[in-house]
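To start, the structure under review is shown below, and the notes come after it.
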Amino acid sequence: MLLDVSKIEASYGASQALFGVDLAVAEGEAVALMGRNGMGKTTTIRAICNLNPPRAGSVRLAGTDLKGKPSHRVAKLGIGLVPEGRRCFPNLTVHENLVAAARPGAWTLDRVNVLFPRLAERHAQMARSLSGGEQQMLAIGRALMTNPRLLILDEATEGLAPVIRQAIWAAIRKLKAEGLSILVVDKTLSELLPVADRCVILENGRSVWQGPPAALTADLQDRYLGV
Amino acid sequence: MLTRETIVNIVLAALLLAVPLAANASGQPFYVTIATRVAILALAATGLNLALGLGGLVSFGHAAFFGIGGYAAGILASHSFSGEPLLFGLSGTKQMPLIWVVAMLVAGLVGLLIGTISLRTSGVYFIMITLAFAQMVYYFAISWPAYGGEDGLSILVRNQFAGVNTMKPVSFFLICYVLLMLALGLFVLVRGSRFGSALQAARQNEVRVATVGIAPYRIRLTAFAISAAMTGLAGALYADLNRFVSPSMLSWHMSGELIVLIILGGTGRLFGPLAGAALFVIFEYLLGGLTERWQFFLGLILLATVLFARGGLLGLLAGKARHG
Amino acid sequence: MKKLISAATLALSMSVSGLAVAEPLKIGMITTLSGGGAGLGIDTRDGFMLAIKQAGNDEIEVITEDDGQKPELAVQIADKMVQSDQVDILTGIVWSNLLMAVAPSAVAQGKFYVSTNAAPAALAGENCNPLYFNAAYQNDNLHEAMGEYANKDYKKMFIMAPNYPAGKDSLTGFKRFYKGEVTSEVYTQVGQTDYAAEIAQIRASGADGVFAFLPGGMGIAFMKQYAQSGVKISIMGPGFSFSQDVLGAIGDAALGVKNSGHWAKDLDNEANKKFVEAFQAEYGRLPSIYAVQAYDAGQLIASAAAKADVKDTEAFRAELLKADIQSPRGKFKFNINQHPIQDIYVREVVKDGDVLTNKIIAPVFTDHEDAYAKDCKM
Amino acid sequence: MAEPVLELSDLVKNFGALRATDHVSIDLKPGEIHALIGPNGAGKSTLIHQICGTVRQDSGTIRFAGQDIGHLGVAERSRLGLGRTFQVSSLAPEFSALRNVMLAVQAQQGTSFGFFKPVMRDASLIDRSMAMLKRVGLQDRARLAAAELSHGERRQLEIAIALALNSKAFLLDEPMAGMGPEGSKSLTGFLDTLRQEAPILLVEHDMDAVFALADRISVLVYGRIIATGTVEEIRRDPAVRAAYLGDHA
Amino acid sequence: MTLALALEQLLNGLQLGVMLFLMAAGLTLIFGVMGLINLAHGSLYMVGAFACAAVASATGSFWIGLIASFACAAAAGAIVELLVIRRLYDRDHLDQVLATFALILIFSEGTRWLFGSFPLYLDIPRLLQGAVALPGGAQYPVYRLAIIAAGALVALGLYLLIGKTRLGMRIRAGESDREMIGALGVDIRTLYTVVFALGAALAGFAGAMVGALQSVQVGMGEPVLILAFVVIVIGGIGSIKGALLGALLVGVVDTMGRFLLPQVLALFVPPSQAGLIGGAAASMLIYVMMALILAVKPRGLFAAAHA
């Protein structure tokens, strides 16, 4: 397993948010992390990256225990994060956003520009002036530039126009085809499920169901995810 | 039911009264003077504590009010001494209560003025602006020739208080002690009042206060002016203790020291300023007796307090602060 | 840490030597031993202690405390010395503002105050006091001397001082004797460190001489900047701006500057030779004017103590007034306001080997009195 | 048709090149719950900030209770009766739940410049505050510091505060966020009764709650209102389906 | 008043401004990136001056001293950051003020311990001594011109460093989102140490440059520190551009005020009175200016987005 999350618990401020989450991502696999709002998806991701270090349980990346490692060490071990809300650096240009934290490897500026031609067109523009979709591309490009082994996308397409969403999903499929391991959160099941090899569902801070997308029946959807 | 903090407070108040009385009885009047200094600094810091502890307003310019209070006392006394009229034909005075009222009024008004501009800002801006305003007053005092400028202003004989021989150290101490206790009482009242509620809430969450319909600016400005007046009163007493005022009362080191007192004692605690002032004066006296480098060690102690003992002295003695 | 404390105790025991004597004359020395002005206080203490040591009187006890150049602290120490230590005489304060905080209330409590340096006008005239002596000078004296000296060669003067009472007194003193034209009278900020704006004004003023009273770091900064400015108008000032403690930091920029003083290392008299030798032997450095003044104050007290009991205020005062000492300054006597009547010289900064120092050129005043003595009704 | 309590007309707000609010006009009528939905980053928060007065609009007007409030400060708007809860709870964390409500009551009574009378012995403050806590079911937690309350309880406390202000309209910013299904359900029931008191502008992601409660829904996308209508109209609107609800609506 | 005098005073104002910028740049950088208010910045200025004076007197070369000032201040900054400052990033401003206030006491007394109470000697290097002619007949010290040039170079260097290098990008990224830059694999703690040391080095460099013009003594950093605060408050805390503009504004206004106010007053009152009152008014002038600016723009001229 590339990523192995076992029984983690975490708190958000004073109140506990995770009560035992298990989840694994194999090399080259795309895993969808699902659940309603407030069930702990983002907290799980923050715990994996040690942005909110878990209080209990363990997170291992390619066999290395991440316990006690500051978040920049976790990133260097191979996790590339595309956070909820994108969090591009608004006061940096597109180009600067991409190169500021880049690490050498297969992904270069040229390849990112090929993946997202829009970014190449806007390389000198400040990130704050980009549209939501462009910011999402930038956030993905920025994470790729660190040459991660595992890409984590929190709310991959939230709040984006349909056309842009298609572009993002296309890029994610491409990355998966190249063998990149992916952990992805998104609300739009119809778009998410075709990409995922496996799904993990959270409810009230616990992982309650795991399985292939095919096994995710309408019943299950209604019970855990339905609107 | 008495909490541990209340007991510690009572012990502190009793100690501050008992030690100088004992010293006086055993013919050591100097310790009375030291205790008076503790009481006055505690009063000044209690004033600051109103703005800083309750309101979260980190004023780095309270020396301005301390000095203004001091100058009010010095100027009134010097005019009374020389017989020259002061302003609009008003004459000076040597009566302490009158001097106190004037000191508080002037310091409060200047506080209102400084607050009007500085409270438009917050955070670091507020810290730096209050510092800069205090510097402005400082330079004014240094270069304005009428009242001694850099040389300061002497009050040859301590001012008077009806029926008390103020030149006797212990009598003057008692006056200061009573005023300190009154100020602490006022602090308790304000803290528990509607005004105090709004002020403390504005520190914890400014948006919340505005959202219930209370304008935080006016609350803070009022608190700042009251705080300035109280520190001004302490300044007037300090002038009488030393029988002397000088611009050094206005220097930014003084502002820093007032904050230090509060933190040493315990931020936001009723008796924090008193505990801090006592600790500070004892440090100064003991360390100063041991080495001329005492400020170096004071710096280390202060640093250690900030980094490792955030509750200050009261935090150590009475446990974590509780909030109502 | 241990080393530190033992060093501190050593310093402490040095300053309270002669502790074991019964019923001694107690002197409280309050001076500046820490902070920016510590150099002056250290010289004061050392000069004073040298005189006490030479007097060899076991009955004199000196308690020394640091005022940190803070008036409030000085007042508190004075209170402590008067109330707890029950000293008979206070001395040692360097700065006028601290003196004004301490001396009036000390004499009001019946204690002697013998000043080793500070000499504000306020205590020299109407408010003179039988218990207040000044062993140094009156603040205006050295400025007056430069005013007198400037009459000789300079028709137009640019004069400058910090904006505080001593600065105003300085320029007033200078103008009291200077007869030529004053082109500008500039007051700088206290503690100012950049004088570019003033130097530009000097350049544009058309004056043929500059009188500047800028003590301590202010003078150092001004002189260094002036030397770089390309302005060639000659500078003069009172002795404190060019005393031994600052010359080193000014460096060669001070060379040739004329300044007034009531003492210089090379003043030719027997007492001075002995003093300079003894001071160097004791402390391994050259004495400054502060050391001399404190030395004389020490001598004065010791001389009076040898003949009268300090508890008999009248008798002790009479003995002090006689000024029966051998001053390194040469002639020394007290005026009716108990400030010195003495000679004042013009000196020039010269290089003595590697060390910058002052050399006397000529006397400006002989038996000079201050301007305030006439107002003193004692 | 009744006069709207709150009416935004043609509101525009730019942040540099970004147009966060693009000619928005919505209103809130007496007795109704008007839900505002839209994807994250669509400009809902900016819109709320403009209504409350923490952000000033570039152009357009905001009318509330019959007057133009576009130029008023936060506190003044609150005093007119605009009751608001926050997306992330915003309370005085060191104060007890009771004292948090008391602050609102004292503001509502109009006197915050009392310096001497202790609030904790002021029955006029305490009684009314306890009554408000009771209405939201927090009476047993009154003495706990706000920081010690659970997420859901803090939400309830915010509503108690809004109630204490005698609000003429409620502005509820994602009240369901972070609540368990139980909590959401009971809160939904409570909001349904709250509308008797004053109309509610409800910003919410929880579609169950929105569809259950709202009389009208407005959909905000890229700073622009793309549709306003009843629940059914919105469910059917193709533009809304494409932009927000997606296929599974 | 001649044109030459006006020109000279303008240069003086510029030079003071440039020097203030060196101080203010470090302060504002540290605040912008770490959100830390550092009162001990003046102490680092002092460290630079003492290092330069001590090394210059030991080696006989001002230039080696100048390098030493840079190095010593940077080292002092890094050590302080590692030991103290990094525990303060998550604290409120009150704790920061107090801890750095304590550092001032420690630095000042420590320096006095090491070097004694007398000012140190530090002279201008031979190369930069003397004055050059200005148009209009006046002369201007070469060294002051050198300070202006050095300040301009540092400003340019900072612009390039912040604007064009990866380090600069990371610094700016850290300004807007500290957690995110960490989550991308940048060691933010080391970055902070570097930034702090850089700010310290600038202060030390300023101290050394100015030390040659003034007296090198304990406490020399405090007046400059307060002026630097005024500068960054005027300019907008966290903004380098604001610091530059604020510094030049304060430098020119202060110099011109000291020079012009007494002259203007002299039209109304006797010269000696004018000197006194003008001097008093001039010393408060920049604070009045600050109050006026803040009354209009409470966050300074170039307010950073957060702060």
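Which chain is which? They are A, B, C, D and E, in the order written, and residues in each are numbered from 1.
By our rule, a contact is a pair of C-beta atoms (placed from the backbone, for glycine too) under 8 Å apart; a residue touches a chain by one contact, two chains touch by 3 or more.
Every value quoted in this text rests on a predicted model; they were computed, and no experiment measured them.
K.L.:
What chains, if any, are shared contacts of subunit B and subunit D?
P.N.:
none
K.L.:
What's the overlap between the neighbours of subunit A and those of subunit C?
P.N.:
E
K.L.:
Could you work out which chain's C-alpha centre is the most distant one from the centre of subunit A?
P.N.:
When every chain centre is compared against subunit A, the largest gap points to C.
K.L.:
Is the number of contacting C-beta pairs greater for B-C or for A-E?
P.N.:
B-C
K.L.:
Compare the CA centroid of subunit D with every other chain's and tell me the farthest one.
P.N.:
Relative to subunit D, the chain whose C-alpha centre sits farthest away is C.
K.L.:
Using mean CA coordinates as chain centres, what's the subunit B-subunit C distance in Å?
P.N.:
Centres of subunit B and subunit C (C-alpha means) sit 35 Å apart.
K.L.:
What whole-Å value do you get for the distance between subunit A and subunit E if each is reduced to the mean of its CA atoms?
P.N.:
Computed from C-alpha means, the inter-chain centre distance equals 44 Å.
K.L.:
Report the inter-chain centroid distance for subunit B and subunit E in whole angstrom, where each centroid is the mean of the CA atoms.
P.N.:
32
K.L.:
Which parts of subunit B, given as residue numbers and ranges, touch two or more other chains?
P.N.:
139, 142-143, 145, 293, 295
K.L.:
Specify, in ascending order, the residues of subunit C that touch 2 or more different other chains.
P.N.:
Each of 34, 163, 168, 187, 189 in subunit C touches at least two other chains.
K.L.:
What positions in subunit A touch 2 or more of the other chains?
P.N.:
Within subunit A, no residue touches at least two other chains.
K.L.:
Touching pairs of chains, which are they?
P.N.:
Once each pair is checked, the touching ones are A-D, A-E, B-C, B-D, B-E, C-E.
K.L.:
For subunit D, which residues are in contact with subunit B within the complex?
P.N.:
Subunit D reaches subunit B through residues 52, 54, 73-76, 78-79, 84, 86, 90-96, 99-100, 102-104, 106-108, 111-120, 122, 125, 145, 161, 164-165.
K.L.:
Could you pull out which subunit C residues touch subunit E in their complex?
P.N.:
Per the touch definition, subunit C meets subunit E at residues 34-39, 42, 163, 168, 171, 184-189, 191, 193-194, 196-198, 200-201, 203-204, 216-217, 220-221, 224-225, 228-231, 245-246, 248-253.
K.L.:
Which residues of subunit E touch subunit A once you look at their complex with the stated criterion?
P.N.:
Going by the criterion above, the answer is residues 166, 169-170, 172-173, 175-177, 179-189, 305.
K.L.:
Sort out for me which residues of subunit B touch subunit E in the complex.
P.N.:
Interface residues on subunit B, with respect to subunit E: 52, 58, 60, 117-118, 120-121, 123-125, 127-129, 131-133, 135-136, 139-140, 142-145, 252, 256, 259-260, 263, 267, 293, 295-296, 298-300, 302-303, 306-307, 310.
K.L.:
With touch defined as at the start, can you tell me which subunit C residues reach subunit B in the complex?
P.N.:
It comes out as residues 4-5, 8-9, 11-12, 33-34, 66, 70-72, 75-76, 79-80, 83-84, 96-97, 100-101, 104-105, 108, 120, 162-166, 168, 187, 189-190.
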